[in-house]
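Got some structures for you, see below.
Two complexes come next, and they have one chain in common, chain A, joined by chain B in the first and chain C in the second.
Up next is the complex of A and B:
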């Protein structure tokens, strides 16, 4: 990768990342690990002072904490500033299509990409699959859809508002062929909830 | 920034890109319980076989606020446990403890603490051979297919051979388990006495094999079943004597040489639990031995 690919396009406002990247990355990871190992639990991410306006602060923090040159990221076309910002701070590759992406970010109001292209891994290598990070307008634990599966003591309830149309229904179909599947992280402001492929979601 | 650690080294020893790679592997491992995720295991400042897999997981997970406990065969005061605890006290500046209840991360070699772990704790296992099918099928390409196809008949044949030869399943440690009804998994060389503790454990369980370059996980509240047969159900051996130090009758005991005339006693393998029990007995509010 040449240097000029890492530098923001001229005229773009290149916002700062984490003040303390080592500590903040660790906290982002722990929050994500907590959310994935306890589906339906709502977890706070470290505050990020100036995330690009296209991204939820939680999605921006996940990007800074988890992405690097070994990972590829897909963002909608109209999110060039967010893509440039994440590429600058993490060195991640920008995927040309959803099928090539390890991480797929869907910001608020953006049209969901063609989910049928999302990488689900294979039966022999189910880990070679994507994480879908989607902005929603509301997350509430304790009411809403019923969640069961690993990480959940009995059952959990999660209410999601403002997710792209049919996302959760599509998701259920796409994780039906376990171990193939993908992980879904729902972001609302600086909070997240996660649905690993093992979580059964009803209602 | 490194305000709490060894000068000249990154926080928790590993560089940030290695930590991120391990972290991404841990996230996939949690999402696919019992599946072995390959990772780019690094050289660590101690030899493979001394817990490099567990150390790399701990290094990727640990933060400045964590309290770390390390045990080797249940004990906090053995060489491997002391070295690893000191390593993280030095490179991450974290608080360490010998008390199971006070630890947020417990790294272990070959035991699960006797005290029930709580929601929010993380148990990190050091794993020598992550592939439970390895002694049946040496080829990785084949074991990968066997896991993909849920082709676990050979594992039951191995257990059946025990029954045919000895009248019971004689495997007493590293006893294979089925995680969430899908993947056969090696619990690492813990005694089978500890297997029931893995089932629906409230703590997160992470497994690291440094030499073999695999990470796997069991999320909290996940069913973990020890393999068995209807007519030969899984059972745990119980000692017929109490711990010689604390009098406990419900713990896993180690046999130790007590003098130079060949005298032997049986004591709790979990040194923290044994100490707690002795304190209770001494203060008069515990069960008499």
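Up next is the complex of A and C:
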């Protein structure tokens, strides 16, 4: 929490964050935990009045709730305003490359970064991996791909539209080396669904 | 001549941070035509570690933590005002941040430096001089000892 981390570029129209930062951050954490522990379940996040337009409201809320001075964030180069906003409110570091990032945000319409660089942790420290937060155009539970694994009673169905090409296929390859892997959070408006590394995704 | 050469932002922020809330409240009510503000970071209270150094030349050490409240506001003209004040008075932090923003507006700076900041600085100097005078009045001369060499 040093001063220089809070100063935004001069002349940038900085937007406020949550009206009640503490309560809202706790709700974000709880929502993310629910989504990760019940893969495929769609969870609502606290509303955010004025998120930067590059970010889905859900991704912006996750950023405000989860990032802090000890975490690093990667955003595409053309999302400087969103990066400045998250940095202003959370004090997070902006990662130079995907390989340095704890959180990788892919806004709607942005090209997915080079996923081969994404941090997957090691067998000794699988938690030293990244979380990928991706904007999609549609999320629907009850139909679509078949999800099985921990946290799912039998099977769950999740239909995802508008995800970057091949993302879900690549994801399956990358989490095959369990316990190494990464958590994927899909954001659509103010709703999210999560695919932790333990979830098997078919079809 | 720019008035910034006589007092810079760091100095007026320090003066505002030391001003009591009641005084800031009164001075704010006298501001003509205040611009609309958005609160970027609502006033929040936390701790900062105060570092110190013995005799100005020793190794720095952690002196202790103190309670502080900070606030960031923005005018409609995209000027940000920041304030870090000692204690837990959130309104004081908010008012100090608003004044900081106003003081960065070129057309308001000179008059505000003369009135608000000038008044506050004078009151603070008088209080400090008063305390020094009180302390000086109790000074005891040890005539048998050599003072300073």
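In this text, the second predicted complex is superposed on the first by the 197 of 203 C-alpha atoms of A that agree within 3 Å, B and C clash if a C-alpha of one lies under 4 Å from a C-alpha of the other, contacts with A are read in each partner's own complex, and residues count from 1 in each chain.
FYI, contacts are C-beta pairs under 8 Å (C-beta built on N, C-alpha and C of every residue); 3 or more make two chains touch, one makes a residue touch a chain.
None of the values given here were measured: they were computed from a predicted structure.
When both complexes are superposed on chain A, chain B and chain C end up sitting side by side without clashing.
Contact with chain C, but none with chain B, is seen for A:89 once the two complexes are overlaid on the shared chain. Residue contacts after overlaying the shared chain place A:146 against neither chain B nor chain C.
In the overlay built on the shared chain, the residue A:200 is in contact with neither chain B nor chain C. When the two structures are aligned on the shared chain, A:16 is found in touch with chain C, with no touch to chain B. In the superposed model, A:170 makes contact with neither chain B nor chain C. Applying the stated contact rule after C-alpha superposition, one finds that A:70 touches chain B and leaves chain C untouched. In the overlay built on the shared chain, the residue A:179 is in contact with chain B alone; chain C does not reach it. Counting the residues of chain A touched by each of chain B and chain C gives the higher count for B. Using C-alpha centres, the superposed arrangement gives chain A a vertex angle toward chain B and chain C of 90 degrees, stated as a multiple of 10.
For the pair chain B and chain C, the least inter-chain C-alpha distance in the overlaid model is 8 Å. Contacts of chain A with chain B, set against its contacts with chain C after fitting on chain A, overlap at residues 21. Across the complex, chain C is touched by residues 1, 6-8, 11-17, 19, 21, 88-89 of chain A.
By the touch rule above, chain A contacts chain B in their complex via residues 20-23, 25-27, 29-30, 32-33, 36-38, 65-71, 122-127, 129, 131, 150-153, 178-179, 181, 183, 196-198. Of all residues in chain B, those touching chain A in their complex are 1-2, 10-11, 16-17, 19-21, 23-33, 35, 37-38, 60-64, 119, 144-145, 147-149, 180, 182-183, 202, 204, 217-222.
Looking at the complex, you find that chain C touches chain A at residues 38-42, 44, 46, 72, 74, 78, 80, 82.
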